[in-house]
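Below are structures written as structure tokens.
Paired with chain B in one complex and with chain C in the other, chain A is shared by the two complexes that follow.
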Partner chain A sequence: MLSKMKTTAAAAAVASAFAVPASAELTGDLTIFLDTSNPAPRATMEAMIARFGEKHPDLNIETTVIDREAYKTQIRNFLTANAPDVATWYAANRMRPYVEAGLFEDVSDLYAEPAIAEGLASTKGALTIDGKQWGVAYTYYQWGVYYRKDIFDELGLSEPTNWEEEKANCGKIVASGRACYTIGTKYLWTAGGWFDYLNMRTNGFDFHMDLAAGKVSWEDERVKQTFMNWKELIDMGGFIADHQTYSWQEALPFMVNGEAASYLMGNFAVAPLREAGLTDDQLDFYQFPVINPDVELSEDAPTDTFHIPANAKNKEAAREFLRFATSPEEQTIINNGKNLGQLPVNAASSVDDDKFLQQGFKMLSTNSTGGVAQFWDRDAPAEMAKVSMEGFQEFMVKPDQLDKILAKLERARGRIYK
Partner chain B sequence: MTVSSDIPETESWFHRNQQRIAPWLFLAPGILFFAVYVIAPVFQSFNLSLYEWDGLGEKTYVGMRNYEDLYWEYVDRDAFFTSLKNNVLWLFLYLLAIPAGLFIALFLNQTVRGIRIYKSLFFFPFVISQVVVGLVFTWFYDPTFGLLNTMLAWVGLGPINVLGNENLVTYGIVAAGLWPQTAYCMILYLTGLNAVDPEQIEAGRLDGAKGWSMLWNIILPQLRPATFIAFVVTIIGALRSFDLISIMTQGGPFGSSRVLAYYMFEVALSEYGFRMGYGAAIAVVLFLIMLCFITYFLWSMYREEKGH
Partner chain C sequence: MFPKPIEKQSQAAQVAYKSLLPVALAFWLAPLLAVALFSVKPDADFTSGNYWGLPSSFEGATNYGQVFFNSDMPRYLLNSFMITIPTVIGAVALSSMTGFALGIYKFRANLWIFFMFVAGNFVPFQILMVPVRDLTLELGLYNTKTGLVLFHVAFQTGFCTLFMRNFIRALPFELIEAARVEGVSEWRIFWYVVLPLMKPALAALSVLIFTFIWNDYFWAVVLTQGIESQPVTAGITSFNAQFRAAYHLMSAGSIVAALPPVAMFFLMQRHFIAGLTLGAVK
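And then the complex of A and B:
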């Protein structure tokens, strides 16, 4: 431990020695590949890059924005063939294949700099593989239950804090002719969010991570308990019908029309719900309730990241860009309500006044002591994520098939983790 | 005087063999591209299917392991079994496009005012992109506001979620695929019908043929070339079905509408797929299935040519 501290300190000294001349004058080309293809994030990113360009007038910056879905397959090609200097990606296991293939640059030196070491401490773990850091986070957002406050008021319900209350609430909502939760599982990952929460609340963060890492059998009794809790909600008619045909966006109208009372989702669902006409009086947020009081609360907070490809040409400028993008000022700007509308990663930046961001920030900084997960399809290896989320979807449609589904997942586990 | 007698002797090798070389020269670009982009990748796929490779790191030779895994997936009724089963369903159901196209063609093969408009209306689905066809049918099947369920409600039938039901989903997608494919077959038959010999029809009529027997004995034999082409394009269309599945269900619900082509994509190239070798093995299986049909088509074309 002591020797590790020493090397960190030494690295910090070296890095800061280099950092001063580096930031003085940057020249040459800097190519940036972005997957922020939706209009608002795209504008945010382009404005931030423009501000970076103003500070470094001699640097010729080229930005390429690639469609978010297409990016996921293209990154495999451009990292090897035609690497940019900076590329966006995701934290945790999602970056592992590229780290292991030696395609991402080790940026541990950045984390040795005092400003970054202090500012980015909260996301450091998500960007660490084999004791080294492979990129920096630039935004993250909370998950939780977004609900129709007016419906809760009408039925005399309050925000649940434990599983019994959650089920009691749901019973009353179903009795009023509505579904408790809207969800669209056509693209599978939404079911992964439910599994994340149910399993983390039932068995705790460490167990959840062990399961994602393939260390626990899917036929374990504890895993079955998670599904049994899930089954209670399914059997009482908690979820909307035909969810397997909808995307997450197509599931929004059920909540807007009042046919469903709540939605377990990431904070990005707030914008379309507001656009559809729900006011902040009608829409509110609560943390997923406690199921097993013996485990600490842990949350999903997916993190979006910047990386320097190993084959980048202008790594000096790229490092400076990473410093810039994670600086407190830029973090405050790009994550505010007018831009990304998410949470800043730098501890020294301030969170927007938006009530959902404030609640989310408070939840993640004070009430998520068990740990912060990335999301099932970022924490588990891609192949296992795919097979298991298909299993979750099948389970939500045919809960009686649980044993068959778990046996299939256990077979997949035997094949995938070697 | 001597000059003229010298000419045939000074004629170059190229000039003497021009007749035989010319076709090869014209074919050369095509052959080259076919070899580089079609033939070579076939062998590369065979080779790749013997490796385990994530597309980034080192390839590891695993022999026939990928095929063994496929076999076990078949035995366990897992994804590969579903894909194979759906491919068979596609093959048979897609063939319905041929009789359907024939009957629409017969129906449209008359001279009334504005027949060209009707013909183009029937041909329309083939012109629009498969992506659009997929979207149109997805909305048509939508369990809450789709036209299908609205119409079923008129006759008092309950709502059905075609694309969300693992037993119905493949039929739903095939029905969407039949829409443009029928139009394609119809066009093939319409052109075929133009070439039908009116004298033979006249002769048949004198011999008392009409209705079904006229169609079966006089018209259909003359439409054999059109039928053959319709058969070829439909079989190939069924085996390469991919876009509709990708648009309408992404292989879901829980993987029950996968076919081999889509499964290969999912395993090797999609967001969650990194198993190039395994994808190649699926591609090889698909290729072998196609090869049966291709061999049959080539053989019957060869036989036809010999007959002439």
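And then the complex of A and C:
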């Protein structure tokens, strides 16, 4: 008995030192619900779970994959009625309702372990509510400006680092008969990305989060300043015309055909641009430029997460799975180009040899000191996100209506956050 | 009442008609042609804005191969057949019996019952969405093919009964009276006298209901939600990945999904047109 305790303690010490999952024998059932229903992510996850199973042969693992959209409605049901031991979800405000309803397990103890505390520091904030952590991230991807390097070279431009350079670049691009930015706002969210960046660069991460949480008035002067910066780009003809009729994919041809020079988008835009024939010499990436030098840089990086439901039955095994999934080795494998093709969350893991992933990883781990936002429609409550993104789109088409739009959003704020 | 036949119009009108008709046809078919064109294009053509031009490379085999061998489409197609065929059989069987009862027997509530079947057709089905969903949930039939079949049978029987009753009414009543005089039981009259005479109506109605149910999207989305039960009309959206919509595969999938009702139409064209005009002229 005593010797067994000793080995367990030794194993735990080894585990915390090397971040190797403790090989304490796990038994019983482990049910995992996944929303990674697309073929490639699904195969990635199933392979990872199989590797976990090999390490714990006595554990009976049962995996259920649910269609990503259906999952969003089913989660309310299964967390209360028929909870699995591990469930996928999203960070920040998207997990707030379940945290507040007491349906997710507090996993702050995991973040107290040195290996996790150091490895997962970059996404810790996104998983923290009320000073506690409620899950772990397993993948995320960067946002930023993807641009046509060949067009920049032709016009003699370099990557802008501040707002003045940005506007100067845009002026030259417009003068050459192109638009600076392509965008398709038909489904609204793309305009949300622009608002995220403009507001975070103008007023900082904390202000942006306060606005998402309904603590700041939409008619505040600082919010107006964000829109004034936006208006400068709109007024100089920086965005493509009729963007409200395109989806984000339908806005890609402008970039491919050289009618627009850049695209503020998530890293998932790279794959179709490459398929359409743009080489890595033609396509490049830069971080959204500084607007207000007094605020720290912060980025959008939507994060997918694992959680342990409060009603889970095998929490010990579930914790072990969370340790395993975020370990540097697994993070390296599941996020490489053959699998998810996104960024690993563990600072100790290596990033796939891809120009854009490399730049994104560097940006997020060293140059995003202000914080990591999840994207407007994940950070703001769903109803406010919808109303406000409609407002952003309207503003991009009719910038002179700003006061009216902000008044409308302010009324919505009064109604939505009680 | 009828428009004057085109041959009797003036020369100018005839020329205008003949030259405008192909133009109108092209406009009208443009969306369908676009889908067909997309189904043989590579994904990159969409990203580079080559919407109407020739495919930059011919990817028909790849796209259709993906649809058949590397997606859930075969499963969705099978679901569609497993929903459509029982519905056709159920609705046609039920309505030939109700049509027989309402067409042959004279009883007091006859007309009112008939009106109820007809009135069912005038209920906009959207207003039934929430109650029907709740009903299937309580019966444990939500997200099952059985639930969808039962609902379709119930909803289609109204129209089918109208159709069958009017057809049976038009049959010579003397045939039935003669059989009765011979002492044939009512059940056998239905089976051996009326049913054989109804063959054209049965064929026409089956073709109509087949296309109705195959093309149903609304109820497929409301009452089912997974690969185990959704028909192909709803399953097409499974080509939407997390970030991107695979328009080339969706187009190929749509063409495949449209084939059975189109094939049905061409094979049974005679019955289909008969079905639409049956009872229109006495």
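FYI, the second predicted complex is superposed on the first by the 395 of 418 C-alpha atoms of A that agree within 3 Å, B and C clash if a C-alpha of one lies under 4 Å from a C-alpha of the other, contacts with A are read in each partner's own complex, and residues count from 1 in each chain.
The rule we apply is simple: contacts are C-beta pairs under 8 Å (C-beta built on N, C-alpha and C of every residue); 3 or more make two chains touch, one makes a residue touch a chain.
As the structure is a computational prediction, the values presented were derived from the model and not from experiment.
Using the contact criterion defined above for the overlaid structures, shared-chain residue A:Q244 touches chain B, although it does not reach chain C. Within the superposed three-chain arrangement, the count of touched residues of chain A is higher for B, of the candidates chain B and chain C.
Looking at the shared chain after the overlay, A:K313 reaches neither chain B nor chain C. Contact with chain C, but none with chain B, is seen for A:N257 once the two complexes are overlaid on the shared chain.
Once chain A of one complex is fitted onto chain A of the other, the partner contacts of A:F268 are limited to chain C, with no touch recorded for chain B.
When both complexes are overlaid on chain A, the residue A:V397 reaches chain B alone and has no touch with chain C.
Looking at the shared chain after the overlay, A:R42 reaches neither chain B nor chain C. When the two complexes are overlaid on their common chain A, residue A:K172 makes contact with neither chain B nor chain C.
Overlap of the chain B and chain C interfaces on chain A comprises no residues.
Every residue of chain A that touches chain C in the complex is listed here, in rising order: 38, 41, 67-68, 70, 247, 249, 252-254, 256-257, 266, 268, 271-273, 275-277.
By the touch criterion stated above, chain B contacts chain A in their complex at residues 54-57, 69, 76, 78, 141-144, 161, 163-164, 249-250, 252-255, 266, 269-275. Only residues 69, 72-73, 76, 79-80, 97-98, 100-101, 103, 186-188, 241-242, 244-245, 377, 382-383, 385-386, 390-391, 393-394, 397, 408, 411, 415 of chain A touch chain B when the two sit together in their complex.
Per the touch definition, chain C reaches chain A in the complex via residues 42-44, 46-49, 225-227, 238, 241-245, 247.
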